[in-house]
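Chain nomenclature is as follows: A, B, C, D and E, assigned in order of appearance, with residue numbering initiated at 1 for each chain independently.
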Amino acid sequence: MFSQTVLAQVIVNGIGLSSIYILVALGFTLLFGIMRVVNFAHGAFAMLGGYALYFVYGVWGVPYIIAAPAAALAVATSALVLERLVYRHFYQKMFQSMIGLLGLDMVLMFTAVLLWNAHERSVPPAISDILQIGGVIIPADKLLIAAVAMATLLAFYLFTHYTRYGLAMRAAAQDVEIAKAQGVNTATIYRLAFFIAIFMAALAGGFYAQTYALSPLMGERPLMMAFIVVILGGMGSIPGVALGGLLLGFSESFLSTFYGGSTSVFVSFGVVILLLIFRPWGLLGTPEE
Amino acid sequence: MNTRNATAQPIETLPGATSRTPARKRNIVAIAVLAGLAALLVLPLIIVERFALTISIMVFITAIAAASLHLIIRTGHISLGHAAFMGIGAYVSAYTTMKLGVPFGLAIVLAFAAPAALALIIGPLVLRLTGKYFVLVTFLLGEIIRMIFVEWGSVTGGGNGIFGVPAPSPVFLEPMAFYYLALGFAILIIGFIARILTSEVGRTMDAVRESEQLAKCSGVPVLWLKVTIFALGCGLAGIAGALQGHFLRYIDPTSFSIIQSLNLVVMNVIGGMYTLIGPLIGTVFLVVLPELLRGYVELQRILFGIIIILVMAFFPGGLADFGRKAVAGLGKRMKARGQP
Amino acid sequence: QEELKIGIIAALSGGGTAWGLSLQRGVQIALDEVNQQGGLKVAGKTYTLKSVAYDDQYNAAQARTAAERLVNQEKVKIIFGPVGSPGALGSLPVTQPAKVLQFVDGYAPAILKNEWKGAYIFRVGNSNREFAEPIVKWIKQTMPEIKKVGMIVPNDATGQAAVPILAEAYKKHGYEVWTEYYERGSKEFTPLLVRMMSQNVDLFELNSNAPGEAGLLVKQARQVGFKGTILQSGGAGIEEAIEIAGPLAEGFLKYDVIDSSLPQVKAFLDVYNKKYSGIMGGLAPVYYNATHIVLEAIRRADSLDTSKIRDEIEKLGGYEAPIFGKVIWTGKDDYGVDHQLFHAFLIKEVKDGKGIVKTIVTSQ
Amino acid sequence: MPLLTLTNVQVHYGQIRGTHDVSLSVEEGEILALVGSNGAGKSSTLKAILGMVAYPVGSIIFNGADLHKLQPSDIVRLGVGYSPEGRRVFPQLTVIENLRMGAFTRPAQEHAERIEQMYAYFPRLRERSGQMAASLSGGEQQMLAIGRALMSRPKLFLLDEPSLGLAPIIVERIGDILEEIRQTEKLTVILAEQNSHWAMHLASRAVILELGRSIKTGPTSELLLDESVRSAYLGV
Amino acid sequence: MTRLLQVSALTRRFGGLTAVQDLTFDVGEREILGIIGPNGAGKTTAINLVSGVIQPSGGKVVFGGQTITGLPAYRLARKGLVRTFQSTTVYGERSVRENALRGAYLSLYPGFFNTVFNSAKARKMRARTEDIVDELLAWLSLTSVAHAAAGSLPYGYQKTLGLAITLASRPRLVMLDEPVAGLSAEEADHIRDTILKIRSRGITVIVVDHNMRFIKGLCDRVLVMNQGHELAMGSPAEVLANPKVIEAYLGRGHAAAHTN
């Protein structure tokens, strides 16, 4: 069972899983970190990203390179309406946001059911090549996703740590009033962060729908994974998201290959609990007062 | 000294902030509670419709669960795995009555003891975690417990659950009888919780939630207190689970999943998190509202979602808070009218 | 004209939404048909049929309240659904003592085998008991080279109820069977598939997976290089699986319930596609069929008394139902009561992205 | 013409009034002390200038511009720097990031030089430059808050209780620093202080607030001799 | 004179930084000890170590003859050792009286079952505690604001309330971190008088502050810390005249009475 090709396969699968988790979790952590909003509708935006890609790429046949970002952009832009209508009531209100956005999640999900029915569909693959390197089988689309995840992660880190607006976002996350007193227009910052977060969710949702399947309820699992990854890594920490995503992706791949599906869930949930008991503020998070 | 007093601005007195509730207000509350209970007692005699009874029974059972979660929330921890503890109670009581022939009364005691014991064991570990970390860990714990319900087929019946859980006694096959049973349990348990919250224990719980450090410095054994309350809350949830099992006569893992846990949290937040009336209002809201919407088939979830958004956006303190403000506003207006 | 309310309990939210919607639509199309023809005549009166659909969120407690409301408030005598064991088992304690007829689909044996002896409940779709045996026999005949079977199973009520029966059938015919359970909702099966492939299975059996998952399993199995046969016994709706697996679905064999080349099926499909968009779920024809069976029984009983209708339903054997043809009731041996519909089914093979009928299995 | 003029400003926090009637003006390049006991409205006045609280009554004119309708972020851009009461550094940003936040409205190429200047004023900050602000001692955080506000090269500097929690030697240093910047950059300062001794000695003029009203204004040299001021605010 | 608190060789490191190093001092019964020193000298850290809020890397703390090193804060509170925090800490949304009652947890709490079932014992204890607390509020001139929300009070009142919460637990030793920071000269005097009154009840006090006028008028002895070490120790007059202290802490302008 522990042959080299199987092991290599485990690693390939681990990378694929981790990439998706990281992509979904990034936007989630951004919203939480900056606006203290627990975006339980995050999965729904991923779902909308899936449908957007389905139409832009699958139905209208726009070239993939343009279609993928354009679909996410479309979702993020139209989501700005929801920012005005819904989200702004929930900034800096953790519990209220959690419940209120659960409501939004329901609204989006079941509107999608009304519009597009509950059945599953597929988004045509961007590249359907299957590479085979020394017995290890690598679907090329997984490589693409891994590359995008890595690039996004890096861009994200650089943005929040080395640009003015990134820094301002983090500052606003900690003390809105004082951030304003430094000349930061927080309404703009919020809208920017919201836009980026939804863009990422929609992008990730597109990939997710493409790799797996598209349906109105498809967002639930990515949402759950994002929730775990983000808290495990330490709320608001970008390297934490990377580490949490890798840990979860690889343990799922490894454990389910060698010990089966249920064991995998038991063990990886158990491990997350233990990790948090020993590091109560997440792997790379900072303890708060 | 004189400048100090002179500069002090008019100081706002918070309602409920005083430690001794004024006797008049206490009387009003007592009368309201008694009137409510009396109404609940005669209700089945007026409305004999079985459906209304069923809904009422579910409200009572769910209210017990939501109030038991409220107890934990009052120490500053939101558990997202509470339904799993309900489930433990349900399975323990179903198993012991069906397989071991234990009488209902004892089964209820066991349904309390089992989840409480588990909570006592894990409490000291997980209650060190703050806020969202506790939320995540209880979520994962709840899922693990649910997965045990699914996997441990020989005892739990696996995914297909246990069908034919007996009624507490044949009398209780009649919804009317079960109504009074559930009502009795709800009064006892929620009354007990109310008692805790208004006693020194409750005062200390509020202190711990508002400033753990300050409470510690006053000598409060914070962890010990939290563990006790957590165990108590989980145990009471177990009773609610057991009642649900004996009422529906069927239990399965989907009844105790994250969705149910989340519902219990929603009830607390929608109703108002920091007053016991909150989860009770929330329970009625969450059990009854879907009934009103049930007929809208494909639209019902959308309407339900919109209502939740509206409530949370415009009454962030929950419906209880809204109610209090409305009453206060009304009182003020009436007083104003009374003045020349 | 009077109105006759027909109850529907279906998952319209939560995990079983796709099933619930197709159930509701199947029933609705049948009712619409009757109404267009002037309604249902019973005991000299003509009734317009009106459906009242309530959501059970694929959950026992909700199914219970929905049933309670349909039975005691809406006063319906006939309920279609729910689909899935939790809802079905949750609603029984309400419908059976009240003598309300219920037509469910869900694999748990307790649905028919219970303290009421299945008095007023019928299962209107094949369950594994009905089709496992014939399928295994067919495999044995057509693909003698297959020795070992692998199954990846959702760890929920459906999987746990269906797979033991299926595995037993395979073992009885001398096959080696490897099974692995996964948590409902997972989408990445590659690790499990890698695990399965190291067992050298010849036949990958998709059993009771929902169509979407079945499609994903096919796709991912081919992507990791599985070369053997893939077959699904059970579940309904091959189109959805093809949609998900795309070109990788070629050669996939699947149990199905409708043969769209038959004229009466085609007619139904036309109506469905006119009324609803998207791919049709497999339960729509099952419930369209069931509704017609029930309405026919009412006509024959010429009464709205549920006991009389039930007796007529039981006697309906041989009636030509619109989708599945001749009605056959079975189940006495397994459940103690003949309330299980046995209907003809097909095995289809995917060729050029279409499900082509490979064989039709009628009765043993 | 004064750099800043407040006329009859009345600050509201919902129902509660923060100030009732504050009028004052500041000339370019001067240090003005705002003196008053607890709750007199010193902080509220500073927050009103920055646009952080509502003042339905009154007007504030800075450098010829009416600040009434402006957002805090715009007012900062006009050249107002603010060091809040109670420090309020960004706890999860490092010391150097806090400083860079202070220069949010300034072009990036200026930052390095200005940061060096702050380090020279407060060497302790240089030692702690990579540390999270939350782990600084109380006084270190106060230095950081002042440094952060100076990063934006303000024309007008609003300092709320800067001496709070600082060692006497640092309080003294802050006086020197303010004086130095006042001379090199023509900085104008409004200093709200409980430590009236220090404030009155540092400032050239003072405004006395009582019960949310500005009741006295004048050169500190005169006020220091005023008997009522001495007994009420200097504890002598 | 028995030494109520003995601290020896107390050390605490944060990563590479040693915030408190080999600190040794003691406090006698009914003494008022001041701790002063430059910002970041380790004063707050020292108090955190003694009061069990953080754990020491080394050293020993003996209180009333018992070693208490590293015990959690609530255990120390039961032994009579209580502290306040550098920023005001009150339960902002609660009434003043409720705040004080919460501070009285130790004497108020008659056990879980007694309180939940409101036994005679619980009622008696409650009545007694309420009397004690009311007396305490009167003594600290807080009665007039007893029913106001603590957070809405002026800063000076909040500081006094902080003291009331501490006293409600009937401590033997209280440690106060910057009790007069942000208070006017007059208010500082008021707090000073209150602390002297507290001492007159037999309570020992350790106080950290940067207000020299306050320290001078209050303390029996003063410990000066610098970079985690002891720099000087002695009577206020001695210490404030010490050139090392002037250089590191007070500054040359000290004589100009810039501190209030």
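The rule is short, and it goes like this: a residue touches a chain if its C-beta (ideal position, glycine included) is under 8 Å from a C-beta of that chain, and two chains touch if they have at least 3 such contacts.
Heads up on the chains, UniProt names are A, B = Branched-chain amino acid transport system permease protein; D, E = Branched-chain amino acid transport system ATP-binding protein.
Because the structure is a prediction, the values reported are computed rather than measured.
Separation of chain A from chain C in touch steps, taking the shortest path, is 1.
Listed here as common contacts of chain C and chain E: B.
The chain with its CA mean position farthest from that of chain A is E. In this assembly, the chain whose C-alpha centre lies farthest from chain B is D. More inter-chain C-beta contacts link the pair A-B than the other of A-B and A-D. Each chain gets a centre from the mean of its Cα atoms; for chain B and chain D, those two points are 49 Å apart. Separation between the centroids of chain C and chain D, computed from CA atoms only, is 74 Å.
The centroid of the Cα atoms in chain B and the matching centroid in chain C are 38 Å apart. Of all residues in chain E, those that touch two or more other chains are 154, 156, 186-187. Those residues of chain B in touch with two or more other chains are numbered 3-4, 7-9, 12, 147, 151, 298, 301. Across the assembly, chain D contributes residues 37-39, 232 that each touch 2 or more other chains.
Against chain A, in their complex, chain D makes its touches with residues 50, 52, 71-73, 76-77, 82, 84, 88, 90-93, 97, 100-102, 104-105, 108, 132, 134, 148, 152. Across the complex, chain A meets chain B through its residues 38, 86, 89-90, 93-107, 109-111, 113-114, 227-228, 231-232, 235, 262, 265-266, 269-270, 272-273, 276-277, 280-282, 288.
Within the complex formed with chain E, the residues of chain D that make contact are 37-39, 85-86, 124, 135-140, 142-143, 161, 164-173, 175, 194-198, 201, 232-235. Within the complex, the chain E residues that touch chain B are 51, 53, 72-74, 77-78, 82-85, 89-95, 97-98, 101-106, 108-110, 112, 115-118, 122, 126, 130, 145, 147-149, 152-154, 156-157, 165-166, 168-169, 186-187, 190. Of all residues in chain B, those touching chain C in their complex are 49-51, 54-55, 58, 147, 150-151, 153, 158-161, 163-164, 244, 248-252, 254-255, 259, 291, 294-295, 297-298, 300-301.
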